[in-house]
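Letters are used for the chains, namely A, B, C and D, taken in the order the chains are written, and counting of residues starts over at 1 for each.
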Amino acid sequence: MPWAAIGLHLVALVLYPGLVLILAVGILAEGAASVAVDTAGLRAAPFAPVRRLRDGAARAWPPLLGGALLAALAATQLAVPANPLSPLERNLLVAAVAIATAMWLGLGWAWSPPGARAALVVQACWLVALLSPAVVSETLRPQVLGAVTVPAQLPLKALSGLLYLFCLPAILQLVDEPVPATGVAAVRVLLWLPLCGLGVSLFLPPASDDAVGSLRFIASTIGVALIAIALGVALTKTDLRSIYLRLASVLAGGVLVVAAFTAAVTSAVA
Amino acid sequence: MALATLLLPAAVLAVSAALSWGADAVGLAVGRYIVAAAAWLSLAVLAAVWLAGGRGLVEFTPGITTAVAPLRLRMDAVVVLFQVAVLVPAALLLTFQSRSSREAAIAGLAAAAALLCLEGGSLLWTAIGLGVCMSLVLIDLHREEQRGSVPFWGVQTIAWLLLVWTAVLLEAAGGTSVFGAIPVTALRLPAFAVLAAAAVLCAGVLPVRTWVSEAWTRRRLEAGTLAIALLVPIGFYLLVRAYGMGAGQWPASQANLVVAAIGSTAAVGAAVRAQAATTRRGFLAEAVPLGSGVALLAVGLGTPLGLVAALMGVLSVSIVAGLAPLVPSDRGPVALLAIAVPAGAPPTVVFGSLLLSVQAALEAGVVQAFLGLAVVAAWLLGLAAAARAVRLRDASADTGLNGSRVGSLVTAVVAVAAGVGLTLVVALLAIPAAAEVMPPTPVQGQGAGGVSPSAILGAGSLGVSTASGGWSSALLAGPIVLLALVAVAAAPLLRWHAARTSVAEAPLAPAIVELEPPPAPLFTPPLAPVPARAAGWLKAFRLPAQYRSLFRPALMEAAVARSKPWLWVAVTVVLTIAVTR
Amino acid sequence: MISAQSPIWRRAPPPQLWLAVGGVAATAAVLSASDLSYGLPLRDLVRVPGPGRIILIASAGAVLLTTGLAPHRISRWQLLGAGLGAVGAMAVLVAITDPLAVALLLILVGFGWATRRGGRPLAIRVRGPAFAALLLGVGWAFHGTTAPEWLGRAAALSLALSLVAAAGLFPYLQQVDPDEPAGYSYLAWTGFFAPALALTLPYRLLPALTPDQATVFGATLVGLGLLNLGWGVVGAWRTDTETEAWRCSFLADWGLVMVGTGLFQADGLAAAYLALLAIVLVRLPLYLWARPALLQREFPAVRGPVSVLVAVLLAGAAPFSGFPVRLLLLQAATRTGWPLAVLLLAGMVLWIAHSLRLARTVGSPRGRGALGLWLTVVISLILGMFSGTIRAAAGL
Amino acid sequence: MIATLAVAGAALAWVGAATLLLSDDRRGLAVGLAVVGMGLALSTAAAGQDRLVAAALALGGVGSGALHLGRGTHGWGLMRPGATPRVIGSLVAVILTVVVAGAGVHDLAGVARLGGLVVAALAAGRVLTVTGRWVALGAGSALALGLGALGTGPALVVAAAVAVALGLIDLAGPAEAAA
């Protein structure tokens, strides 16, 4: 029985880049979001996410538990330096499905038809952004995709990164006018790291496999989270929100076309 | 020994059916339990004889010619996998669904026929087995409820006749339809097209709503869901065998692409219908089509990994077929878990098979990769539909059929356990079966080189690791399940703490808020009204009055039979002129 | 009052007894015809081909089965006498090698059968056999004509049509009166006499035809076979009355028989042979079991396993008698050309549309009727499961 | 001389068949059958058939005719009102037969076959159109004689036997009202 391997994977799930890091980044980002979007006071900001998690646990612990485990599973797939999981074991699709499942757990918990429709559209666009580079590169390993520097694939990578970033505010429920329902909010606390970290893993070159690299990765992840928050604020404050989903869909369509073209060119050259 | 290996699993079920019938005759209501026990015993016997027999090919040819073909039975890794795929859901349904002794007897016989169908040593014998199985399932369906059984019969008869014709085409081209002896060149594109049509009709994997979903519109689910459990795997079996006939490949790469495209569109169609379901039963009705669509995409890829993914897909579809009818109508944790499994939530076996299928599609080529992308979209939509389905009213609640909490828990646990032990299932069942039909001898084109475990399984076989990605099923899914169990055990403490720290707050609302009316669909299926409109148009279609008499056989018969037979003379004269000109 | 139990077996009236004895004697004589040919100065006048021998035995079995167990309105002795007498007549038709003599005997049998009291007038009932005899006689008389060539082709056509007319198939359909006793209706020809002719005449005729004539003969049978198949399956599905549906189902079976015969292939001939056996041993008895419901016009819903089993059986699913017929026919048709196979497949698919309708009329009889029905199902199963052996017994 | 006899026999057979076609009562039927039998016997004998066999055919016709005298309504019943189409039919039949099948006539046997064909065609026409029991039986006998004349040796004997056997049916009396 490979106890060592099991132990390492348990560490990855619980500590790094698992639940502990997820909560740390989540509480930080959620606090920032509550200041920027929900206009909560700076003092109350750090406690808002904790309260949301506690309420969530009290109201319906099974979905929150499921969400936490799925978020941890998604986090283990990130190209974070010093990840106990070997690069060969990581899979972008595992992370994507785990995140999507966690999000739908939250949405199912406090269901609102408009919110669900918007979430579906934006998740579809987000998936396009995630998988288009993978389809062209024929790999689902995050670190490999992050390291892609083939000139023919760079436009697609850039466009996908842009789409990914554009989708984040809606996926994180930062665009909605009212504060998201408890279920969604509680799960959102858990998804900051997996969502933003996945973007960093896929669209930025992999960091060195040491402490500095880890800090750089976490900083980049928080940076992406702050950009998402800023974008969310911008969308909330302006009229862009009314056409936001349409814009995302058009951009996703464009990414798909570019992906098809790039794939055709790549295979023709090969 | 060979005969025992081949016939024991089916014999156990047949004997139990006879016992159940006898119990019914003497008024003992124990038939259901006898057949259920026999189904599990049959599964155990299958495993025992397979392992005891060294997991090699076993053929039985007694030299008897019955039904115009020499009797020939065969058991190999493919047969075993598909027999498991038939027996697991059959055993679950026979155990946890309520049946009268007579219904249980017919169901047991149908399951035995399905096993024998899979053991047919030639395509002709498979067709004969399918005919018998189909007939028994029809008897079961019709006995339970007449509505809907005739369309089912129609579709299955078309599939059966097409299969018979395929056997005929193979015998015409290669002189035999015996699996082990069909010349590689015998399976040409026309014959394969007929076979594929038979397979997709039998398995009900089409972009439109098929008999598989329709079976869920019946008042009682017992017969319909058993039909799904027995016949859907047989449809896939035909496509997998086709690889064996062509030494690891289908007659043309276009055929692979078309089948894969049908699979992905079928998956998308099922997901679209699932998210628009008005009842929980409507959602569950699309669970098998969704999984079948993905499995069809994988089987159409024509690569070793694709085939392994397809075989895993068949196994996961069989678990879903056994689970979906047992989902309880409430909104408790068991129901949540049971609804999450068919949607492909990690870390179940359904998730593992979907993951393998998408990876296989990604590695198969550009077009296949985009088809894989469509399947991921269907997967996402399925997850959304599952989240919505939790809040849907369960139609079966009206009829007093509330599934089985124990049954769905057991099945969900099996699904999760198989997900954790994914590599074990892949190594023990899927890879040997794929290697059986995709021989390692290098052949040109797809499938070259055959199936290699090292290309699919990671180090120590603790995870799946292919060229495009990996999944540590044992090392990640195991600890996740462990953590979940720990958390579930600690839940009361957590709840107590939460309650203590939020005393100042208003009393908490119930865990899940009742929503009336049920949630609206995420979007209206684009082509939903088309079939109904077409059916309405066909119903309303009338010939112009002046032409109707031409198409009324009764009038023409009256003219021919009742009048003085001048028409006879006239027809004779006309025919004479026709042949003498 | 019609039921499987009544009327009770009465004392055998002498005429029926003599008819039965005569029939049995004739059949026994014909079954040992080869010995007779040597024993008596018959030369080649009398010879029984293998399939003819089997169909005779099957017909006798069908008579015993239906007389003993099927529900009837008239005395079973009358039925037994008439049935065995018919088997005797059939035996003579099967044994005579000269087609012209067969045509003449066809007239005698036709008129003899039509003289039975009850049902439609004699003049109406003899039309089919008389027309068949005319076509057979004329066709045989002119088949040897080589100049002009068209006359030979017309003769071959006439020979093929004689078979169609004798069986009362499209276009030579006969009126079927729902209230007419089964033994008097034309289905007695379609389901009893004609199968014997269909199994012997081609073997007598084909060796004498030129290739050109054989082509016309075969093409006519295939063409009319497809027509009857289509007419039968659609008619049995769409027609208003259940009696008509049964008649059309016979046409559909005969469609398969004619296509099988017309293809001139071993598999096709075997399919025709098995289909004819199924007509005599399965469809005709089932029709007799359906008679009470047809007369009372009361059709219970198909619920019990037996009724669905009968529907499946009638639809030709494996492993019943219809399956080997379909398989062999598809084999022969595929070798000839796939479009023909596609047409046959379409007919076979449409077949199921009327099977449940017919099964509904059979219902779920009790007592003696149930025994007979189960026997019929078992016979169909044997025909399906051991078709290879049955085929070999006929030397096909 | 032989050829003349063959043609005359065929013509006589046609006359007999026409009489059968045009008559509704027993005398007409009986005479028609007898004439058919004799005519066909004459033509087949002239065509070279065994004399005894040809005589059997004549005997069959006469015997069958005699038996038909025993039933049905009295009289000749010739040319009843509405018989015109049958008159035309009998003429058209002979013309058509000669035109169609005449092409195949190369010898006296062909002539005899032509006679048999005319009789068979007219008798079959009668069987297909008549509704009366006895008339149908008479037409059946004629049909048997006509078909028999198309063959050789044994067929002629069988035809005669069949014609007589049909004459024996219902001698006891009418079993159903003539429709």
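We adopt the following convention: a residue touches a chain if its C-beta (ideal position, glycine included) is under 8 Å from a C-beta of that chain, and two chains touch if they have at least 3 such contacts.
Since we're looking at a predicted model, the values are computed, not measured.
Here the chain at the heart of the structure, going by C-alpha means, is B. With respect to subunit B, maximal separation of chain centres occurs for D (centres as means of Cα atoms). By number of C-beta pairs in contact, A-B leads when B-D and A-B are compared. The centroid of the Cα atoms in subunit B and the matching centroid in subunit D are 71 Å apart. Inter-chain centre distance (subunit A to subunit B, centres taken as mean C-alpha positions): 35 Å.
Spacing of subunit B relative to subunit C, judged by their CA centroids, is 42 angstrom. Averaged Cα coordinates give subunit A a centre that lies 75 Å from the centre of subunit C. The residues of subunit C that reach two or more other chains are 127, 131, 151, listed in rising order.
Among the residues of subunit D, those in touch with two or more other chains are 128.
Of all residues in subunit B, those that touch two or more other chains are 565, 568.
Listing the residues of subunit C that touch subunit B in their complex gives 127, 131, 135, 150-151, 153-154, 156-158, 161, 165, 170-176, 216, 220, 231, 234-235, 238-240, 244, 248, 301-305, 308-309, 312, 315, 317-319, 323-324, 326-328, 330-331, 334-335, 338, 341, 345, 348-349, 352-353, 356, 384-389, 391. Within the complex formed with subunit C, the residues of subunit D that make contact are 100-101, 103-104, 106, 113, 116-117, 120-121, 124, 127-128, 130-133, 135-137, 139-140, 143-144, 147-148, 150-151, 154-155, 158-159, 162, 165-166, 169-170, 175-176, 179. Interface residues of subunit B, counted against subunit D in their complex, comprise 564-565, 568-569.
Residues 65-69, 102, 106, 124, 127-132, 134-135, 138-139, 142-143, 146, 150, 153-154, 157-158, 160-162, 164-165, 167-169, 171-172, 190, 553-554, 557, 560-562, 565, 567-568, 571-572, 575-576, 579-581 of subunit B are the ones touching subunit C in the complex.
Here subunit A touches subunit B in the complex through residues 2, 5-6, 9-10, 12-14, 54-55, 57-63, 65-66, 69-70, 72-73, 76, 85, 88-94, 96-98, 100-101, 104-105, 107-111, 113, 116-117, 119-120, 123-124, 127-128, 131-132, 134-135, 138-141, 260, 263-264, 267, going by the rule given at the top.
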